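Two complexes, one shared chain (chain A), two partners (chain B, chain C).
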Partner chain A sequence: MIENFKINSKEIDKIKKISKTERDFRINNLNLFNEKGFPNKKQEDWKFSDLREIVQKNFKKLDVNKVNSKVKKINLIKDFHHNYIVIVNGELKSSNFSFEDKNRVRIKNFKNDNFLQKNKENSLVCLNHALSDKGYDVEIEANYKFKKALIIYNLFTKDLKENILNSRNKIKIGENSELHTIDLVINDSKYKFMNNVYENIILENNAVYKNICIQNDKNEGYFHKFSKSKLSSRSKYSAFIFPSGPKFNKLDLEFNLEGEDSECILQSASFLNKNDHQEIKTKMNHIAPSCKSYQKVKNVLGSDGKGVYQGKIYVKDIAQKTNAYQLSKALLLSDSSEFNSKPELEIYADDVKCSHGATSGNVDEDSIYYLMSRGLSRKESIKLLIDGFLNEVVDMIKSNSIKKFVKSKLESQIHGY
Partner chain B sequence: MLEIKNLKASINNKDILKGLNITIKPGELHAIMGPNGSGKSTLANVLSGKNGYKISGELKYQGKSLKEIPIDERAQKGIFLAFQYPTEIPGVNTNNFLKTSLNKVRKARGKKELDTLSFLKLLKEKSSELGIDEKMLSRQLNVGFSGGEKKKNEILQMKILDPNLVILDETDSGLDIDALKIIADGVNSSRDKKKSFLVITHYQRLLDYIKPDFVHVLSNGKIVKSGCMELAEELEKKGYKKIN
Partner chain C sequence: MKNQNVNTNQEYKYGFTTDIENIRAPKGLNENSIKFISKIKKEPKWMLDWRLKAFNRLKNLKEPNWQKPKYPKINYQDLYYYSAPKSASEKPKSLDEVDPKLIETYKKLGIPLQEQKRLSGVAVDAVFDSVSVATTYKEELTKKGIIFCSISEAIREHPDLVKKYLGSVIPITDHYFATLNSAVFTDGSFVYIPPKVKCPMELSTYFRINASETGQFERTLIIADKGSYVSYLEGCTAPMRDENQLHAANVELVALDDAEIKYSTVQNWYPGDKNGVGGIYNFVTKRGACRGKNSKISWTQVETGSAITWKYPSCILQGDNSVGEFYSIAITNNHQKADTGTKMIHLGKNTKSKIISKGISAGKADNTYRGLVDIGKKALNSRNYTQCDSLLMGNKCGAHTVPYIKNKNSSSIVEHEATTSKINEEQLFYCNQRGLNQEEAVGLIVNGFCKEVLQQLPMEFAVEAQKLVGISLEGSVG
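Moving on to the complex of A and B:
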């Protein structure tokens, strides 16, 4: 049992070649983390997901050391042509941009150079600031549209066992440029481990970014990601999240609509089976006028599955003509499934269109009856209804080959039901 | 084919069917007419196996009691109910659903499952007979279908699943005359010596196009009168009140 998970500053000394400023920054953050420990339900943002309790219950120890794993070959997806980068336990290992003009894309290991950031509210972010020394940094020049999607293969190796990984990633898309990425988690570890990611997305004026995030298979991982995005004028960000898979998953997503006429769409569909715990927390910050945001979060919860959606829309006084929408729908398959939704609106402008809604309920008995009257068993009927519930989100993916791929992934998850 | 003796059914402490008798032989088409609230849909639901009813009396299909047989098995054994109000099911693709359903029924009958190509061929044939736009079939099941489209989709399912006992619950109501004719054609072309039909309707109009062998009047949970086509015509003239 981890009663007091404290980390010695010696861990920071293991990170080579860092300046004094960087070291101080890391030490400061480490102290903050050691003071606060893992977040617990007393903090508003963690009300529904007491990570301290979860860690205490499930881990005997947590190892912060790097895991240097050999990865032979990964099975690339054959369903469609794509560029790719390979991340192993958080570390950038290789990249392939064979479909692109290589002069327009830059990729390297992430190196932090901003030592002013502070995020005292989330101690996991402090932990990441203190310890992360790996991750990727992708930059697309201005006026370049990617020809094929970029798949980010996130591998977790089988030698992970009670480790906690900290990594930091950044994607920057230049003016008038466009990038589509697919985040794919592939896990080989049969053991429990934690993965703590800090992510930065920057969209310059007119940039377009589309991202699909898929957890490939069931695993014993405990995932936390803090993501901060900046949307400049007329930029468009569309995110699809299909996050089922890990035992625990918290996505803390902050979108800053900083430029006029920018647009952010977030759609998510998850199937949370036995004992899975997942939270999606969003903060949609409308800072400039005439921006649009749209969020749709759908959850199917099996026995003892727990889902949370905390969605906040903030509209600054100058952000007139804001159009913000948020919808959460949950399908509960068992009496022991639990879903919590906490919408929050904070609006300081008067000429805005904001709406939110949340529904949760059991599978519709009339629908089951209809399907059974056509020869399907009760279980098959429910499965078809779950599929239908989630596919409503998947069907919004424009590319047919990618849609088919996502569908097959989701269906294989539901098959376990 | 179907033998019902002294059937009583109640739900939520409300007695709806109160001792109903009817026997349908292979090849026969029976019409049941009755005022609103007389228990027509309840009879259809009970035959399909819908849960929630308290039932007594005898219910035999092909010589065997239906009592312990669940909804899906009844469908697999060849009982088909065209619903008065087909359920809208978001997210479920009509085509996929039809294929899944057909293959379930085929499998139960010991037939080989159809592959996608042969299924689509069958679907094309049957849907063009009913004048169904194929685009409709790539949409979500019944979602946003017009009243007529929903009913046509029910008849399409009947044609594809090829059941032994067909129950049509007010399939005619709310249809314009063209749609009514198409649906009647669909039923007439399916009639043969082996199949039986129980056609529930509120109006005589449908029976101008589908000629019944027998007509029954259902009132307050019981068959109060049985006869031939003339009975339907009499009902149309005099209204339900004068019959019992």
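Moving on to the complex of A and C:
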């Protein structure tokens, strides 16, 4: 069954200039992947997203070879001024920090120097560690606040067909610094391919990081991202996710609130349609006292859409005065749509306030009636209600120009319904 | 029938001294022990075959290991799967020989001396006060056509009913402990309520006098036929002394059209001492099937005992408009571990379920709510509401919530909410100010916290359960 998807260790030899330790690390990870194969529903973390089945159904083979990553022209966003970096098929191509002090920002290709085997459970992470040789590494020095947002253009070229891309990225924000980024996916491939990303985010004391991840251009990609963040004292991390573009998308996000008074906010809105499968999995680890976390995940599911939310709040015994909140709401528009959630609490400290809520149901009939009695058609009423449901998240974005941009992206999806 | 049971007890009393081999099953889990149990229970062949089928399947099964509370490996070959009630000579001679802590608790609960002896396993003459009570009840039940007897008796006297329903909710192909129970169960209760009969009283194992020795593998089967109603009580608020460490009971409920079953449990087995030594492993499988239209099954449980409690009373809502309810209080103190919750499986149209779970964790205990709400594609217009609240006392304990929520159609609504917090300092202060000491104040607040569940218990139970909540948390404050 999974034999077709085993990967030969020769692939690692193609990666140039690696030390013996690195080679061993990669071989070790490759063996772990080959042993386990793609994760399936027998693993608790993949209970609702059987990737093995999905891969077998949709792919005949997966090509790990390099693909042509030449791009002639990129249509930059003109709505607002911004810095940018361009990633093509996972590979860092160019960067532009024209609005910033260039001495305070460092950007380079990602080079791994940590060969400790930590994650053995997730075979996709193993696969990434074995094969990734691309990605970016951004570091912001201490005491520097970005003047304009940084847009990360993630381009996928039309040459992609049954490929699997593995890349690793890292963002480090120094003490008292601030960075706003927008992750944008632009896909030119009409074919199926896989994108497997491992991301590391480090916030030093007092750092602020705001990220908006926009993936909602519909495409045939199968995306998996594992992101691990470290939040030091008084740092703030705010993430907005609009992930509903790819055919399959799993975002596995781990936030470690390691410093006192750190704060993490995660908000997501997605509109899933026709066979889309999307999972957001979060793990909020409260390791230090007086930290705050807030999660709000909203899903609208059209015909055959399948949404999953697995959120866990973990509070260590020393993490007193924790305030953690988690909310998952889903609207099911069709009887063929499905929403599964597992909002989990694991708490070992007593002086905490932790709560979660999860709801799923259809659009409220009373509200539809109200709107129809004011002259809207049924379809218009439903669209308006969906709009309101998802915009609650978008409205939390502070910058008006960015908010407008995100809104237009989301609206085009809703209007397609 | 009751008198007969008493006689059997007396027989064993003498039988012990002469022929000890005959009343104990051979040691270990094997076909011989199962045949022995079946023989001593005078079971027909079909029953023995059923047991052996379960046993054959058990050979290929592994113990589950996904649950949160881990326990030392159980050596199944080192257990006796059947032993007759103890003779007087083996039991403690008087209350002086019983753990004084236990006696103290009895006193607090206000249990009469005679009862104290019975509960702590002190040898008492077979003349219980309750015997006469039980007999009068029995007559009234028989008049209405209600069958209420031990499952062994039902296998002999009502084979058609047992054949039809036993294993229909918890099949022998279920998980490890349920299958183990199917192979080796020794006794338990059987209830059948005929159509359109409303059972006039709350049925309880308490009134079945031989119930105190049902052993570690209890099997209960309750069938409510069309339009009937029954409320069943299991367990007792008073702590039970027990020799067996592993308890793997199976409880099956079947509700047909318009029938309603209310099942209340108070579980207070020995939780082990302060350092977590000893205590019962309570691995119970409880499942109810709402087979008929408009049927209803309601589980209420107060779990305060056992070293490890691991159970998920579930409802399979097959019939249209059927209703499943689950009310639970789980209190863990010292080194106790509880992993409990429910499964609500919605299959029929317009099915409704409600889950209220209250977990209280103190000392070094771990308390987990684990539940599943699964709304199938055809379960149109279904509704679920779940609320699970946890209360933590001290920073050495843990409270966890692991709900699984699946919704597969757009006309159903699922709601889930959970909170975790500690006792509000202001509430404590308010109570202290009015003259309550710390312990009383905590008892009062916790009782308020559990109110929604306590209200669901039958009257007599509720009063005792309230006291029990306070007692279970003793020593956890200050």
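Here is the rule we go by: the second predicted complex is superposed on the first by the 411 of 417 C-alpha atoms of A that agree within 3 Å, B and C clash if a C-alpha of one lies under 4 Å from a C-alpha of the other, contacts with A are read in each partner's own complex, and residues count from 1 in each chain.
Here is the rule we go by: contacts are C-beta pairs under 8 Å (C-beta built on N, C-alpha and C of every residue); 3 or more make two chains touch, one makes a residue touch a chain.
In this text, all values refer to a predicted model and were calculated from it rather than measured experimentally.
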| field | Clash or fit, chain B versus chain C on superposed chain A | value | fit
| Centroid geometry (CA): angle chain B/chain A/chain C, rounded to a multiple of 10 degrees | 80
| task | Examine A:Asp350 and indicate which partner it touches, taking first as chain B and second as chain C; both and neither are also allowed. | result | second
| said: Taking the superposition on A as described, I'd like to know which of chain B and chain C A:Arg374 touches: first, second, both or neither. | reply: first
| said: Output check: A:Leu384 vs chain B and chain C. Expected answer is one of first, second, both, neither. What do you get? | reply: first
| message | Between chain B and chain C, which one contacts more residues of chain A in the superposed model? | response | C
| Closest approach of chain C to chain B (Cα atoms, Å) | 15
| Once the two structures are fitted together, what part of chain A is touched by chain B and by chain C alike? | none
| query | Which residues, counting only chain A, touch chain B once they are in their complex? | reply | 364, 366-367, 369-378, 380, 384-385, 387-392
| Complex contacts: residues of chain A adjacent to chain C | 44, 47-48, 317-318, 320, 330, 332-335, 337-362
| note | Residue set of chain C touching chain A in the complex reads 66, 377, 380, 390, 392-422
| Contact set on chain B toward chain A in their complex | 48-51, 70-72, 74-76, 81, 83, 86-87, 89-93, 97, 100-101, 104-105, 108, 140, 157, 161
